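Look for chain A in each of the two complexes below; its partner is chain B in the first and chain C in the second.
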Partner chain A sequence: MDYQKLNLNDNPFASTPTTGRPIWCGMPQLKSVLERRLEISLKTSPTSLVLNWGHYGSGKTHAAKYFASEESLKQIALACGVAEPPLAFYVNFPRVDRGAVFNLTSSIIGKFGVTDFASKLQQAKASLDKSSAGLFARLLQEYCEDSELQKIFHKLVEGNPDNQDRIGRVLFGNSSAADLRDLQIARKPDSVSDLCRIVTTAFNLFTFRSQDVSALRPAIHLWIDEFEDISSLSGKEQDALAAYLRTLVDLCPKYLTIFLNFTLTPVQQLQDLSLYLGDAVMSRIRQRVEFVEPEKPEVKAYVREMLNSPGIRVQPATAGNEFQPFDAAAVDAIVEAVSPRTPRRLNEVFSFYLDLVAGTNSVQRISGVMVTQYAGEIGLSQ
Partner chain B sequence: MKAPTAQSCIIDSCSLLHSFHVQIGGIALSDLLADHFEVLVHRSVIEEINHVLRRAYPNWRDKGLVSEELSEIRRRHAAWTSTKSCDTCLDEALNVLEQEGMGHLGAGEKACVALAKHTSDEHTVYTLFLTDDYDASQLAQAVFHKYQCGFVLRSADLISFFGLRFNVPKPEIHQAIRDLLSFYTNAYESLLTELKALLPNGENSPICSLVLRADFARAKQSVARLNLSPGRRVPLACLIDDVARLAGEHSTIGYTLSRLRLL
Partner chain C sequence: MKSRLPSNLNPNCFEDTIDVYSDDYKDRFSIDKENWGFLIENKVPFTIYLAVGINGEDLEERISILELLRIAHSIQRETGRWPELETEWEDMCPGGLIKLDVTAFAAIPSSSLSLPLPQVLEMICGRLDRARNSMDTAFADAERHYQRELKGLEAFNDAIRTMQREFDAHPLCVLNVNTKARRLRYVTVLAHFAKTLTDSTRLTNTVLNWAAEHTEALQLHKDSKGAILPSTGAKSVLPYLDLAKELSFLKSVGRRLALTNTGRVLPMISQVFDEFSLKTEERLYFLFDLLNHDRDLLCPLIIQLSEGGVQRKRDIRKAFPDVYKEHLTRLREQCGTVRSRRQVDAALERVAHWRSPETYMEHVVDPRISWLVDLDLCTLEGDQVSLTKRGASFATALGEVARSKLLVITGDFLRRRYFKSFARTVEPHDDSPKRERPSEGELIPLLCQCCEFVRKNTTSLVPNRIVASTLFRYTGLKLFIEHRIAADFSDLLKFFSNEEKASKIGWRLRWQAAQEDGYLTPIQNQTVSNR
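This part shows the complex of A and B:
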């Protein structure tokens, strides 16, 4: 594709969130609501559940990836006067091959990797024990309760590289009897409660603070995408997942924010979520963030920002020419006809026209006439 | 314990298939049905469930909805249906149904409604027809009303019925209905996957967005406008109809969800 002739290095309208550092364009109100929620998580202590909901393509996955990125969190932490950014995890709704709860735990630990998980725990131990000898062990006992689970943490902070693979297998549920024997652990952690304890103990240790101890991280953010998939699990799995979320909040009562991304589907509306999660979890939801369709002026702002986002332009667009290669009439025609006005749909349509001119010789502008001419092909109402 | 004059109950293939995997108070719905009703399963339904099971099983297994092997499930089906299979000639009743505009229903559904009418005529009883298919239930209701031969029930109704009669704790009844729902939700997702595969641009097609927003009428209009061969357009339109039947406002999933909300 020849985007250069359009004064573009690439097509910015990827129809699904791209890999790499995500950028945010348009929809300032939504961004501000989410930023405010993240700031609250840094300025207050209670753990909270946040429900992000909207239609398919309304930008929930993008928001999760954007706000789970270290760069975005550093900026928010800086604005709040907090030295370290929160520790954020973006995980997809767990698959069920080995149970939803088990897979969710594996996803969280997998985001660290065993080496990083161990290293963070070692940092937490060093900081805690520096303040008071044996504090780590005391906190571990308080958070973990179960002696066999405590052994796993003790092995992790020992820092013995020979044990790391074995502990990894224990954490990911693949341990053999020989692994358990070598680590001197009497049983596999495999119940909902065990898995929850492992995750919450780590979260509690990472965020512990006192007069003498600064927290390793100010807060933990857990983004679970595609949460609407809960309806396709069996009733038993749904209950296990709901119990897991409830226990996660109860065992980690401070500094944790869980964001559930929920897409409305024909088979599931927002009120139906309570059928699966039950009152106990629903009552713990502190905020519901609706991902609404942007209004027409917001759509224009979104398109303008996308076309001029960092690294996209070959040369900065001149004043009054920010929509290049789209004519004003073309943008107006698309904004008027596009439905639904979700970011995904906008990306599809603008991407279609960009690729059309990029692949056509001697055409460098997208006019209103051209939009109308090809409207049928991309499903725009005429 | 079956009542001395248990009511006749005719089951369609999808409802029968799922009844083996939904438990109320620790007992499979299929067993409760067998114990409390005079269950009749037409031969064409038995043929259908073999076919449907083979297609649905891998997905059920992947999603953790069943843990048994396919052969085990087949054995259970065979043992259960062996005493309930019915080969009655239904030509006369089927002719009546054709005149009532039920010709477009599947063979199994037509056989069920015809069997219900035949049983009612033969034994002077009201029969029950268990189906979760919305279209079939609507058409059957009209026929039953006209000829006064029976009633239509859905699986979610029966789960509630048995749960309430046997004082099963509410969370267990709730879980049983959610189990049933998860089978239909998975069927919906499978249809959606098929639809995406057939659509030009797949998931990025605007038609996909319309279907996901339950705007089935506009989705079908858009399919009609697509530059596609009839060989591709017709299956696409049929798939959208299937999704609507399963997930639309008046649909299998819609009804089951409403039952769940009533609990």
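This part shows the complex of A and C:
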């Protein structure tokens, strides 16, 4: 593909979020709603559950990745006058036949890695014990309750590198009897409540603060993508997962924000949602954010920003030429015909025309006529 | 007119054997042969068109133009190229003609063009006759290919094309339900309780209790079959749950049940029910969905009832397989794609292999007669079945659609024509003439009331948002019954899509073409998020 002739280094319209640092283009209203929610999580203490809902391809995954990135969180923390950014996790909904809860917990711990998990706990212990000797142990007892689970945390903060693999196997559910014997732990953590206790104890320790202790992290953000897949689980698994979420909120009553990305169409009813999530989870939802289809002017702003996002242009576009290589008529024709106007669909259509021109010799502009000519191939209404 | 064609193909040389008219103005010859009309251009290479006169306004023209499209498809299959098709409008008078280049039929084998014109014409006619008789040729590809050339013809307007596409996508509409699901009242009751109960066990138990309390009411009904019996337990509710799902009133979400956007309308129109007779609103509501989901059994059954006068059930069952076969054969002719025709063929094949149809028909005919009794379209006296006055009037309307061979009653057809074509035959307002076109001033307050009612009775994901399909179904019924206005789904969609009109109602529609549905928000209150 020859994008250079179009004054582009690459095609910016990927149909799914790409790897690397995500950028945000267009849809300022949605961005501001989400930023506001993140700011609330830094400025207030109660744990909250937020439901992000919208069409397939409406940008939920992208938003999760964008707002779970360290850079975005640093900016938000800075704006709120908070030194440290929140600790954010982006996890996909567990696509398994059995053990969804275990899989979800593993995904969360897996995001740290056992070494980092242990290191963060050690930092928390050092900070807590510095303020008051034995505070870490007291908090551990308060948050964890179960003595066998407490032992796992004690082993983690011991910092014995020989034990790390064994503890990893315990946390990820692969431990053998020998592992448990060597660690002097009497039983595996395998119930929903055990798994919840492990995650929430860690979250509570990372965010604990008092007059003398400043928190390791101001808040925890957990983004769970594609939560609508809960309908594909068996009834027992659905119940377990709903119970897990409810317990997570109940055992971690402060500084945790869970974002559930849920594909729903705007013509669905509240009842549909409660059928998926169950009453217990529904009653804990504090905000529902709709990923609404952008209006036509917003679509244009989105396309303009995408084409001129950092690193995309070979040479900065001249004034009045920001849509290059698209003619104004071409942009108008696409914006008028595209349906649904979701970012994924927009990316699909703009990418199609961009690739068409990049792969065709001696063509450097996309005109309105060209859009009409190839509309059928990309499913645009004519 | 001086011919520029070679002598063997010059029509002037064969005036004694063929009927030729020389059109000097257009420089071509017009020839009628064996019921086909041809045009031969007065130039080389030899080009011959098959021509059909049109006025561009009649839907009936679709039949003759589809014949051209089938022929075009045959040529395309044989030569790999689509022949030229052109619409030619007259300059000085209304109407015109549509012409298809059929030279390929004369040019294969290539030596054919050395034959004298009468023989060439004979060869073309033979091949056209074969194409006409072979209804196996699909026309959907040709219709798509000649989209531009057919533009402006009423017979190929957007509505007709959408209906055809919808029919080809789902050529058979038959409900697969248990024979015990007879009483539509139970479906209303299910929908009513499903508003709040989503657990299927609790829902079936509640319906079971309602049925137990209304045993006497069922005995008093015109047809008491299909009882939900407390002694049989939840099992006797299941056929009705299945019927509600098949009619798309209820849907399974995970392990639970929820009303669909159209299902939500049912509890809105029937809030009090103590007897098994249905209210007008309910009858019109059910008829729409039964036609939408069970067209291919219900329509032939009604037509059979209208043709046979008072009939015994046993005789209806005996005759129905042939009636159904006839209906499928008619349907087959309207298939635009190979895939849709294969599906109809498979159904015809199944009918041919029905063993002891009299017994089997009990499961097909009897529940439908019970539904028609509930809809007040037929009466049942012992074993004798006959159509009511409403039923007879409805059968006439159905017969007209069937005989026209133009349209199939698809969901899209019903969304465009249900109130205008059918509802008025089923529920005539005898006392006063129907007003189909009320003024905007009359309509707007009524629509405002409907929006407000639906808003209060549904809970959308965003406060104050209402779902278009729920609103339009409810509004259509309300306007028809209370205000004698026949406003179909598509009329309401058009009305609300007009921003100026919608702003007068105070609601803004966002239509989602991919979902074939949309939602409305109050104009003064638009938000992207809510607490």
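Assume the second predicted complex is superposed on the first by the 373 of 382 C-alpha atoms of A that agree within 3 Å, B and C clash if a C-alpha of one lies under 4 Å from a C-alpha of the other, contacts with A are read in each partner's own complex, and residues count from 1 in each chain.
Here is the rule we go by: a residue touches a chain if its C-beta (ideal position, glycine included) is under 8 Å from a C-beta of that chain, and two chains touch if they have at least 3 such contacts.
On a predicted model such as this, the values are computed, not experimentally measured, just so you know.
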Please work out whether A:Trp53 is in contact with chain B alone, chain C alone, both, or neither, and reply first, second, both or neither.
-> second
Which partner does A:Leu30 contact after superposing on A: first (chain B), second (chain C), both, neither?
-> second
Taking the superposition as given, does A:Thr265 touch the first partner, chain B, the second, chain C, both, or neither?
-> both
Using the superposition on chain A described above, determine whether A:Pro340 touches chain B (first), chain C (second), both, or neither.
-> both
Which partner does A:Arg286 reach: the first (chain B), the second (chain C), both, or neither?
-> second
Would you sort A:Gln238 into first (chain B), second (chain C), both or neither based on which partner it touches?
-> both
Using the superposition on chain A described above, determine whether A:Leu273 touches chain B (first), chain C (second), both, or neither.
-> second
Once the structures are superposed on A, label A:Ser127 by its partner contacts, choosing first (chain B), second (chain C), both or neither.
-> neither
Chain C-contacting residues of chain A that also contact chain B = 231, 235, 238, 264-267, 272, 275-276, 340
If you look only at chain A, which of its residues touch chain C in the complex?
-> 29-30, 33, 53, 230-231, 235, 238, 264-276, 286-290, 292-293, 339-340, 381
Residues on chain C engaged by chain A in the complex (per definition of touch) | 198, 253-256, 258-259, 261, 264, 458-462, 465, 467-469, 510, 512-515, 517-519, 528-531
Within the complex, chain A is touched by chain B residues 62-65, 174-179, 181-182, 184-186, 188-189, 201, 204-207, 209, 211-214, 222, 225, 243, 246-248, 253, 257, 260-261
Can you list the residues on chain A that touch chain B in the complex?
-> 15, 55-57, 96-97, 99-100, 231-239, 264-267, 272, 275-276, 340, 342, 344-345, 348, 376, 378-379
